[in-house]
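In order of appearance the chains are A, B, C, D, E and F, and numbering begins at 1 in each one.
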Amino acid sequence: MQSSKLCHLCAGATIAASARLGDHVVVYPGATVADDCLVAGFTQLWPGVRLERGACLGPGVTIQPPDEADASTVSFGPNCRIGANATILRGVRVGEGAVVEPGSVVAQSVPPHAIVSGAPARITGYVDSRSAQQVLAWRGQAEVQETGAVVRLDVGDVTLHRLSLVHDPRGDLVFGEFARDIPFAVKRYFMVFNVPSEKVRGEHAHRVCHQFLICAKGGCAVVVDDGATRCEVFLDSPDLGLYLPPMTWGTQYKCSGDTLLCVFTSHYYDPADYIRDYAEFLALVHKSPNNAA
Amino acid sequence: MQSSKLCHLCAGATIAASARLGDHVVVYPGATVADDCLVAGFTQLWPGVRLERGACLGPGVTIQPPDEADASTVSFGPNCRIGANATILRGVRVGEGAVVEPGSVVAQSVPPHAIVSGAPARITGYVDSRSAQQVLAWRGQAEVQETGAVVRLDVGDVTLHRLSLVHDPRGDLVFGEFARDIPFAVKRYFMVFNVPSEKVRGEHAHRVCHQFLICAKGGCAVVVDDGATRCEVFLDSPDLGLYLPPMTWGTQYKCSGDTLLCVFTSHYYDPADYIRDYAEFLALVHKSPNNAA
Amino acid sequence: MQSSKLCHLCAGATIAASARLGDHVVVYPGATVADDCLVAGFTQLWPGVRLERGACLGPGVTIQPPDEADASTVSFGPNCRIGANATILRGVRVGEGAVVEPGSVVAQSVPPHAIVSGAPARITGYVDSRSAQQVLAWRGQAEVQETGAVVRLDVGDVTLHRLSLVHDPRGDLVFGEFARDIPFAVKRYFMVFNVPSEKVRGEHAHRVCHQFLICAKGGCAVVVDDGATRCEVFLDSPDLGLYLPPMTWGTQYKCSGDTLLCVFTSHYYDPADYIRDYAEFLALVHKSPNNAA
Amino acid sequence: MQSSKLCHLCAGATIAASARLGDHVVVYPGATVADDCLVAGFTQLWPGVRLERGACLGPGVTIQPPDEADASTVSFGPNCRIGANATILRGVRVGEGAVVEPGSVVAQSVPPHAIVSGAPARITGYVDSRSAQQVLAWRGQAEVQETGAVVRLDVGDVTLHRLSLVHDPRGDLVFGEFARDIPFAVKRYFMVFNVPSEKVRGEHAHRVCHQFLICAKGGCAVVVDDGATRCEVFLDSPDLGLYLPPMTWGTQYKCSGDTLLCVFTSHYYDPADYIRDYAEFLALVHKSPNNAA
Amino acid sequence: MQSSKLCHLCAGATIAASARLGDHVVVYPGATVADDCLVAGFTQLWPGVRLERGACLGPGVTIQPPDEADASTVSFGPNCRIGANATILRGVRVGEGAVVEPGSVVAQSVPPHAIVSGAPARITGYVDSRSAQQVLAWRGQAEVQETGAVVRLDVGDVTLHRLSLVHDPRGDLVFGEFARDIPFAVKRYFMVFNVPSEKVRGEHAHRVCHQFLICAKGGCAVVVDDGATRCEVFLDSPDLGLYLPPMTWGTQYKCSGDTLLCVFTSHYYDPADYIRDYAEFLALVHKSPNNAA
Amino acid sequence: MQSSKLCHLCAGATIAASARLGDHVVVYPGATVADDCLVAGFTQLWPGVRLERGACLGPGVTIQPPDEADASTVSFGPNCRIGANATILRGVRVGEGAVVEPGSVVAQSVPPHAIVSGAPARITGYVDSRSAQQVLAWRGQAEVQETGAVVRLDVGDVTLHRLSLVHDPRGDLVFGEFARDIPFAVKRYFMVFNVPSEKVRGEHAHRVCHQFLICAKGGCAVVVDDGATRCEVFLDSPDLGLYLPPMTWGTQYKCSGDTLLCVFTSHYYDPADYIRDYAEFLALVHKSPNNAA
């Protein structure tokens, strides 16, 4: 462990040898700092606070201490980065690889790989997601802009579809045929609306159910993740469809105020089909045969 | 035939004996006035104009004459009523039982039983359609407001469905399951949007295809007609669904500016399945066995 | 009576000697045309239609005839003027001195002295009301723009009041003190809102009750009438108050969409205090002692 | 002259031999009907009304008669066409070749070749102006969409210019250089804004002044006319410029609510440079040498 | 006094024995920390800063120091709580029992018991005020929703009133009668409007004047406080009235942009009737006989 | 050098003798603190951070450290002031005399003399700029409100012009004549639009080119600076023009969403004419003869 001057490291704290602590850091009993962590300075790590491998806290990060009314503490997932002078409220977990921008006030847990900013902090993007490039390149290819075009996004078997759009003075029309345009027979639809723009939806994968997403009004970003790669797609036209096969982790955010998201599914509703914990999802993906390579 | 003073009835006009003509009416050669018609006064019936049985023209109705550029004439369907001082442009047909309000300027044909008003004339309602009463009564009945409620509208086998609606701070949700909540398996969806509020859509029946209509955004009036009775339903909530079995004449109008109409169908698209002529529809309905009574 | 060629005047019609009828006019039995009336041409006066003294109908005025379902007829008050090609629906009375603009379609009765226009016709002003001039002149006088200013409008004892307005960064403030700024003690308030801009309100006088009107939001025109003179005031600022003493006929119209009209009264509600018929109001005014001069 | 039954043609009227009058037409003393005119029926032509060569009045056209307060009459320019049941108020002139749609109420004079509709009537287009085709074709040509492109519109020397547009995250930029991009040195600018969408502006030509028009905000239709041909250009982008050389008749209409029209001129303001009468413009154009062919 | 390592406590500071100071706290001469205070760490208490009994400062709270231009300091009222990493500007007083959320930047003094959040900090609520529960329960009781219902709020004699509301197609109407529906005779009205949504109004009590508040447009939260209990009422309908007897501390906030608050008072304006200091209000309340129990 | 307790001053740091350091300040090797600087406490000055003469950092200012990916550091210009608990991101330079408000998060460099606030920080004003006073006084003088008025702003030869504005029911009109109303002949125009309200434009001077600015739509603040004095003008009316002679530093900010800024220039575009560095501008100004006094 490397520490600078004017730190106060209490007995009962666990600090890995490879961790680096800057000036004026306080580590209370019961706090844990794992390998390769960095605490830049002027931070108190309260009892119960946990920095997992590679977590980085910029200078002046302030963590709300637990109190009698609420004993929940704070944890920082592997390789997350917390910006200078950020404030982290009690009960928050910052997910693996997530980024908190400097000066943010984080009141809700941050999903893995998400980038958050502001006070209160909102998700503004995902780390290493290839969204803009991927989709723009896709739109730039003349052959896939045509009706009926289907493009693989290199995230498992996720595909983006250009469906039929007919302009008509009496009203425009989009349509699709199941088991033809859409790669499964459909047993259920649902529609999501009145989504506050700062909210995140989805954040789960299905074990066997296929989904097909259409943003019929407004716009919405969908992050798809097969456990190895991520891609962000902005659905902003009613003739764009996004196919999520089973075992795809999906997240929606950046909804415009009037978003209407229309989803078709291959199965009736079954709560047992949902995987809501990202770590469980990663574990399942990595032992499944079609991820063997 | 009963006519008042100061009329000018030309040789070559056909005027039924039971027709009544008011003052200052001019009937040119080639015009036709059928039984029980009334022309209240100050109207010229140009060559080719045809009043079918029971048609009524109020005083001062002005019909645009055909000219060299456009020889199309005007016809008035059985029992239609044209209000005082209305203007009827060339090429217009006013459908059976339709009503034109006084002072209107009618530039497009008027569907059977429709009520039109204004300059240019727009549809404002349907004669003898039980909309308001029927639907309000339906809404007043506590048992059918519940999720899962299905109500017959006494128009063939048309039914109105209350689907599931879940309020959630991250966005509201509606959903339905095909072959369970919705009385058929679905092979195709289409969505209609950007509908100008003055436009009328639909105006056809299907021979074998079932349809299920949901107004996912905004609102829209649907008139369903089994050839014997009519009902108008205003779809204004995403958890209201309207089931149209085959051989139901459907019309949509009064769309709010942001209407998004979502339709599920039991069959893939087949142009041969459409009946677009109301008279043909009536003929088919009246010889079909389940309209025998 | 002076009539042009090609008229059809039926036995049983009553036509004053001083009436003038243009070309192609039809007067049916039971119609009445009083002294000094003018019918310019191409009009049918149905049974029961009544033109009172001095009424003028422009060319091509079309009156909807009574039918079996609705036998109500049409009457034209003294000295009213109906513009060319206007359409008058059954049941309408055009009030004394009112004006219907050319081409209008009149579906509702027109108050005395009102000017109506459009299809359907709406009130756009009042004949001979001194609104603009009076109020602008009033506003031009520096001494009455000051807080506390009270101006007589030369309509009975009606007064316009400039109340106190205080601008404050935490919210602006208007106020008034009863029996001081406002010339009576108050027993009741009422507020009117959600007024459709095409609607007319008021149209009555009170026998003993004093009223004080403030337009707290939006704007609203008030026509005050003491039976001899009229004035139109546009209340568009929350520090403008209008005092209506008893025996003042008041009408409100031209409300902006967000109008909130706040009224203070000197008496509790008493239906017997209302005079709702303009003729009765005129009769009462003209025999009352303070109108003796 | 050919007239139908039940007309009333007064002594003192002037009716050309080639004019045709339908049924129930009344022509008062002092009215004039020129060669090749048509009056379809049910119309009164009051004293002073003038139909110039080839004017056509559809059935039921109603003209407001002059009265004591206002003796101005109505005139119909050569080859204009007035739709069925239109109402024409006193004082109106319908310009040469103009069209009034059926049922319109015309309260203001109609410019030459304009098409008007509604109550009150507004300009909706110009007869035989090649707008849509011309401009769309222009836009379809890839080589003229480029910055610096200049296209002749086949109306005198009028040209349409694609100026420079630079997108920048700090604000977009358009610019032009006088005597380079814009074909004259500039001595004056003016900007027009707060244009009610129903108003028409311009309606004049200049003798020597060159003009260059840019619609910097919103959109605006400009009709340019060299006395022989007309073209309508819709300026809807700040990098579109329209050059009007001297002796070009220009009219602007269909302004969107937020239109800001920016005009550069080659001369300082000089009222003597304006030609405001279309007939005078035509006369000057047709004797000028560069219209000799 | 209990203090952690790495503090710098200057001579001339006053620190109570029961105060607790965390790591890296600096207390300059002339600063005061009263009994039961907590300073969690990384805070400088400048000369003149005063923590009253029980005040709690979370970790990283930064106080702006006084400078030559502005020597005003900062004080923290009894039992207030300042969240982690909050910034407190010079001149601010945080009132008794108030709460500053983590990460807030506080530029204005905070009223007693208020909760503030954001940068700059705005009031978002009041501690221990029973608003939602009380009012929702009140609305849930069918008998008090009826016109004329009056409900005590258990804050002195404050009552909430459901006044008369009449829906009418010509405009809706609310009204009330003084000394009948409203429990006093009225001598004065005032209206408040153009209230910025972030502003707080009121913050005073009256000695003898009764008030009756109606939110005629928009909505507004009113906190009423009798010195012992608090209740927050959201006035959002023009038929809801709130009666404040004398010696009630009232505060309004959370005004929607279009709020129009209408207040009736039992007395003419008298500045001597206002109590504007909360401590003075508490003192007067607690010695007054009707607070004896 | 004066420093308080608990500082950590590393070898290799450069700290002027007249600098003052508060408690808990850390200065790493390679950081520089010039004369008369103040660092109030709880701040780490990373390697490469530079405080120029008179820079003041309030308590708790947090500076983002350089990292492997981005080695750019932070510099604080002469006499700038950084508020308590502000966060300064890497790569930022705070210009001479600029002010960062407490609690701000500064992600972009701050121009000289600007005042920034918020997270992320935006410019809210300029230090010592006489804007409001100057312009209000100007507007208060009746003689300069008249059309044609020209007022010197005491910033070099910058002048503010009241141009001609004509109200017309067909659209309002503003205009100007070059070399008459506007003090140069014009060779080029440009228009700026779609300016995000948080963006700053301009920030340069011209060597020989004259400019004339008009805000044709919306509003925009322009700061003009001759190297000695500054003035802020808010252009919010299309008849206000601002003349910038050569060697005037100009900045635009606070654009309303719909701003359209129209600029006329005396020269064609020449990149060599731009001075984009404020220090270079100051140097040029101070050696030029007409700044000799």
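A few notes on this one:
Simple rule for what comes next: contacts are C-beta pairs under 8 Å (C-beta built on N, C-alpha and C of every residue); 3 or more make two chains touch, one makes a residue touch a chain.
Chain identities (UniProt): A, B, C, D, E, F = WxcM domain protein.
Since we're looking at a predicted model, the values are computed, not measured.
Listed here as common contacts of chain A and chain E: F. Overlaying chain E on chain F by C-alpha atoms takes a rotation of 120 degrees, rounded in steps of 5. Between the interfaces C-D and A-B, more contacting C-beta pairs are found at A-B.
In whole angstrom, the spacing between the mean C-alpha positions of chain B and chain D is 39. Chain geometry summary: the mean Cα position of chain A and that of chain D are 60 Å apart.
For the pair chain D and chain F, the distance between mean C-alpha positions equals 50 Å.
Of all residues in chain E, those that touch two or more other chains are 6, 24, 42, 60, 85, 119.
Chain pairs recorded as touching, per the definition above, are A-B, A-E, A-F, B-C, B-D, C-D, C-E, D-F, E-F.
Remark: chain C residues 4-6, 22-24, 40-42, 58-60, 83-85, 102-103, 118-119 touch chain D in the complex.
Put simply, chain E touches chain F in their complex at residues 6, 8, 24, 26, 42, 44, 60, 62-65, 85, 87, 89, 105, 119.
Taken in their complex, chain D has these residues touching chain F: 169-180, 186-196, 199-201, 216-217, 238, 255, 258-262, 264, 268-269.
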